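Next come two complexes built around chain A: one with chain B, the other with chain C.
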Partner chain A sequence: MNTPLLDVQDLKKYFPVRSGLLRRVVGHVHAVDEISLQIMPGETLALVGESGCGKTTAARTMVRLLDADGGRILFRGQDITHLEGDALRRMRRHMQVVFQDPYASLNPRRTVGEIIGAPMVLHGLATASDVNDKMRDLLVQVGLQPDYLSRYPHEFSGGQRQRIGIARALALEPELVMCDEAVSALDVSVQAQIINLLADLQAGRSMSYLFVAHNLSVVRHVAHRVAVMYLGRLVEVAPTAELFEDPRHPYTQALLAAMPKAHPVRPRRSFVRLGGEVPSPVSPPSGCHLHPRCPVAEARCKTLIPALVAVNSCHIVRCVKELPRTA
Partner chain B sequence: MKLLEIHDLKTHFFTDAGILPSVDGISFEINQGEILGVVGESGCGKSVTAMSILRIIPEPPGRIVAGRILFDGHDLVSMPIEALRKIRGRDIAMIFQEPMTSLNPVYTVGEQLREVLSLHLGLDDDAARARIVEMFSLVGISEPAMRVDAYPHQMSGGMKQRVMIAMALCCSPRLLIADEPTTALDVTVQAQILNLLVKLRDERGLGVMLITHDLGVVAETCDRVVVMYAGRVVETACVQDLFAHPSHPYTVGLLQSLPDAAKPGSRLQTIPGNVPSPLNFPTGCRFRDRCSRASSACSLEPPLHVVGDGHEVRCHHPYQGGEHEHAIA
Partner chain C sequence: MSDNGTLWHDAWMRLRKNKLAVVSAWFIAGVVFMCAFGPPILHYAWGYSYDAQALSYGAQPPSLNHIFGTDFHGRDLFTRTLYGGRISLLVGLLAALVAAFIGTLYGAVSAYAGGQIDSAMMRFVDVLYALPYMFLVIILVTIFGKSLALLFIALGLVSWLTTARIVRGQVLSLKEREFVQAAQACGASDARIIGMHLIPNTLGPIIVYFTLTVPSMILQEAFLSFLGLGVQAPMPSLGALINEGANNMVVFWWQLVFPGIVMASILFALNFLGDGLRDALDPRMQQQ
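Here is the complex of A and B:
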């Protein structure tokens, strides 16, 4: 069995809730509540869920953009949970990020060359003499003209900027790239270009992607495995095809049912499968967080936090319906 | 029955950089009891079209330079603004993409609806309150009587969008213009809101202009679709025809670039290049630089072809006769 590239064990991230005149801490939001996940070399793992479910926080904690409040993060077997200073900086080379907003994530005062070249020189992957050649290579790989190096971000369209963001992430030859809603802000025709680019780059470099997204059509297309989160907890993890064909958790089922499909059907199916909205993560419901909205909830769902149960060797789900029956 | 007819509308913006022909000669109509989808990518002019109908284009720099917009046979473009004010909010209502910024944070949602009701229907406070509670329960707000006195910040995004819909519907308009009403919402809440629009169409005969970039939303809710590109309408069809026999190369490209259309993990079809800037739209067909079927003829204005019942396309080389059937598996 291969060692995972990234192995996250019981990861926790809490944010304090402050209130009153003295801004006392009155509670904690359990944004990430004991999450365990593995990403294999060359694999794309998607993290999905609705706003406030903690998917972005989980992903950011996993690549050490946020400090964990509990659990362990192993990168190629090395514990990186508490790395600091130079050691952390050296580790960052291997884990890069492509952000959602191609407008806000590039410094408007820097040229493309400065944006891509600075990290290469800092990490000793290029010298002043060959950095230009390497940057030109990289721009060609992400589908941009090599002479764009001296231009500024405002001269580019959204899709082109996202290509620059990808070039910046790839400049350090990372093994893991976290894509935080990297194609969500793009128009459909451009989104397809970027999805293809990410696939080509992965095939050429055997990188892993941690793909944070809410668009399930995109996830179905790019991911090898999918992890579904609801209010800070993992509710289901499965290989992509299996998750879409045999979703076990009621929340996963509702998400898939609510996903608009791009072909008209008659008679029109009714949309609503899940009532209400995602409750505030400050005071999540007791027991299974989904129980107030769940169409199949039982009395015990109010108190019992179901454990993650293995449906098979690669499919886990957190629901009382899947718990083994006790005599 | 035709509710709204747009004839050759042109809305241009006059900026220091030049004239932006954001909407440049578009025509379509919306019938009673029909959800018309208006789709296109950013900058295609779909929101400017919606704002032109209610004449809420910021002026300057924008101006409706030509065209007629007939509502009930009356031209909204040439109508005195006082007469238009009586129509806005009462006969034609609009909801926007951002429910978070469309409500005034210092008034309760009830006060904001009451203003509409007293202005257009002359209701007193008690009658207005009863009407608001009725509207809130119609749009699926739980505990409507209590929610009347809530401030916007006490509500979630989905709840605020329901308040906006309640406000839009409280004078029983005949036409609702919904500009990306669910883009900012989660999928499970989006499903609830779209379901509500379908229900209002079926039960009240509401006409809806649904502006969206999401072809999934179009497929699931719309009766007819208008596809816009670079300030022009390139294709109009009923929703089944549009997805089964797309005719304009841009529509075909859009449908093919959806991840839904492809086998998971396979390469997606793409449209090369980017949407052109309104400052330098190509002459003739504005899609020709990105089009695989383009020829020298495309530098001339494309003709309008009727390719089916109510199915029109503006193109020199449209896909025809099932040439593109089953493009979308």
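Here is the complex of A and C:
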């Protein structure tokens, strides 16, 4: 196996919780708790979980938009966890981000040309003379008119804006693109267009995606592998087909059961259903974080933090037991 | 969600509908034009100047030759008022520019740096706020001497505080927007993010506050001139002229009335324009 493009080892990100007049630190939100992941060149890895589980924080920490509180991030074998200043800025070229909200992610004061062109010039990927041609090229690639360059973001629809955001990310010819809920703010029909666009763009170059999402139908369509997070921890990582066919963790099973069905009347495998609310990430439950909601929890789940167990060479799961299949 | 591009356009349309603001803008343009080109024309056509005295001529009431009358030293008051307007507008504009420049930079850096640096920088502003600031100007003027350049620097130095607070508030909310993170992800430096992404998006409030600072600066300069700390004779400013006129108002009423009317109408016009801009740029007015 060749070396992973991005190799994340035991990544941690804590946010201090302050309270009182003196803003004393009274605790920490363990937003990302010892996450280890690898992304191969050309691969799409989806990071899924419900709101507040830390998936966006984890992804942003991996591309150094946030500073890690522990663990290591290796990009093409190079440790980038503590890069600073110019070295960090140069490295950023290789990992770009497509944001969730296409209305907030484009500076309303800058034209499309400035938004896409400035990073290229900044990183020396284009000169003043050929930047225009390159930008027109990019706009065509993301399905926009090349003469949109002089327009401002407010003149575009949400889907068009997201295409501009994608063009900005691609302008730096990155090896890794982190898509932070890149389609969840769009209409369903536009979502499909953007997802197909992302897939087409990946086919044309050797580019990896780190795809943060909560929409499992989207994930199933784009991802090669899926990593499931619950309250800051990874609970299951598996190839997409295998995860959807054979989910091992009760949380993954519950997530899949909650997917809207194309044929609601047709009977299908009944999966686990979770009761209760997501616990506060400030004081997560002891042991396995899921035990208060888990329908198959045992006594030892309250104290034992299960290690990630390999079900096979590419499927790992964090649960104290192999679940009986509720076929 | 407001669209800033259309916001500018809408603001312009709203401003044009505000008759008071439009009239004020034209009035200010007229005053600026007269102050700039009036004195040389008066000098070449009639030989009037702001400092050549004709003591034997003395104080004359308004007439066709001297529409504002003359002062105690026989100088044409219209010429002196235009000169005074020049000085007052210059001081007002430059002091407000200094204030807006320092305040914007300070507020943006403070908010962008955040945390301890932000706290320290804002406590410094709080301390300056607590000082009686006219007192500070008087100290600065007495230490560094009475020169026109120092006057507007001194005024600007003590009046950037509110701008800094306004800009800081704006940047605090802006820096959480994703386009700032996008710029970071593209490898933009902090200076570039502040200069290209944050400050341009705070321009609306800065412009409004700027237009409201200009009249207050003119008023401060008048007050300083009134105390004898502002512009020095024979150079006139509107404040100095009003001071002089107030001393002689029982006998030579025109020496107070004309500079007073000019100053009051400039202040009114600037405030009306500032109010108009504030209303026009307020996104909550968008429905109208």
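FYI, the second predicted complex is superposed on the first by the 313 of 327 C-alpha atoms of A that agree within 3 Å, B and C clash if a C-alpha of one lies under 4 Å from a C-alpha of the other, contacts with A are read in each partner's own complex, and residues count from 1 in each chain.
To be clear about the criterion, contacts are C-beta pairs under 8 Å (C-beta built on N, C-alpha and C of every residue); 3 or more make two chains touch, one makes a residue touch a chain.
These numbers come from a predicted model, not from an experiment.
K.L.:
Which term applies to chain B and chain C once both are placed on chain A by superposition, clash or fit?
P.N.:
On the superposed model, which is not a single observed complex, chain B and chain C fit side by side.
K.L.:
Which partner does A:L106 reach: the first (chain B), the second (chain C), both, or neither?
P.N.:
So A:L106 only meets chain C here.
K.L.:
Given Cα centres, how many degrees, to the nearest 10, is the angle at chain A formed with chain B and chain C?
P.N.:
Between chain B and chain C, as viewed from chain A: 80 degrees.
K.L.:
In the superposed arrangement, which partner chain does A:H221 touch: chain B (first), chain C (second), both, or neither?
P.N.:
first
K.L.:
Using the touch definition from the top, say if A:P119 reaches chain B (first), chain C (second), both or neither.
P.N.:
A:P119: touches chain C, not chain B.
K.L.:
Contact-wise, after the overlay, does A:S208 reach chain B, chain C, both or neither (first, second, both, neither)?
P.N.:
After superposing on A, A:S208 lies clear of both chain B and chain C.
K.L.:
Taking the superposition as given, does A:V190 touch the first partner, chain B, the second, chain C, both, or neither?
P.N.:
First partner only, chain B.
K.L.:
Is A:T240 in contact with chain B, with chain C, with both, or with neither (first, second, both, neither)?
P.N.:
Once the two structures are laid over each other on A, A:T240 reaches chain B alone.
K.L.:
A:R89 in the overlay: touching chain B, chain C, both, or neither? Say first, second, both or neither.
P.N.:
second
K.L.:
On chain A, which partner's contacts cover more residues, chain B's or chain C's?
P.N.:
Result: the larger residue contact count on chain A belongs to B.
K.L.:
Looking at the overlay, what does A:T56 touch: chain B (first), chain C (second), both, or neither?
P.N.:
Once the two structures are laid over each other on A, A:T56 reaches no partner at all.
K.L.:
Once you lay one complex on the other using chain A, what is the shortest C-alpha distance from chain B to chain C, in Å?
P.N.:
8
K.L.:
Under the contact definition given at the top, report the residues of chain A touching chain B in one complex and chain C in the other.
P.N.:
On chain A, the chain B and chain C contacts do not overlap at all.
K.L.:
Please give the residue numbers of chain C that touch chain A in the complex, ascending.
P.N.:
For this pair, the touching residues of chain C are 1, 3-6, 177-179, 181-189, 196-197, 200-201.
K.L.:
Of all residues in chain B, which touch chain A in the complex?
P.N.:
Spelled out, the residues of chain B in touch with chain A are 41-42, 142, 156-159, 186-192, 194-195, 198, 213-220, 239-240, 243, 253-255, 257-262, 264-265, 267-271, 274-275, 328.
K.L.:
Quick one: in the complex, what on chain A touches chain B?
P.N.:
Spelled out, the residues of chain A in touch with chain B are 50-51, 157-160, 187-193, 195-196, 199, 214, 216-218, 220-222, 240-241, 254-255, 257-266, 268, 270-278.
K.L.:
Would you tell me which residues of chain A are touching chain C in their complex?
P.N.:
Where chain A meets chain C, its residues are 63, 65, 89-90, 92-93, 95-97, 99-101, 103-110, 118-119, 122-123, 152-155, 165, 168, 172.
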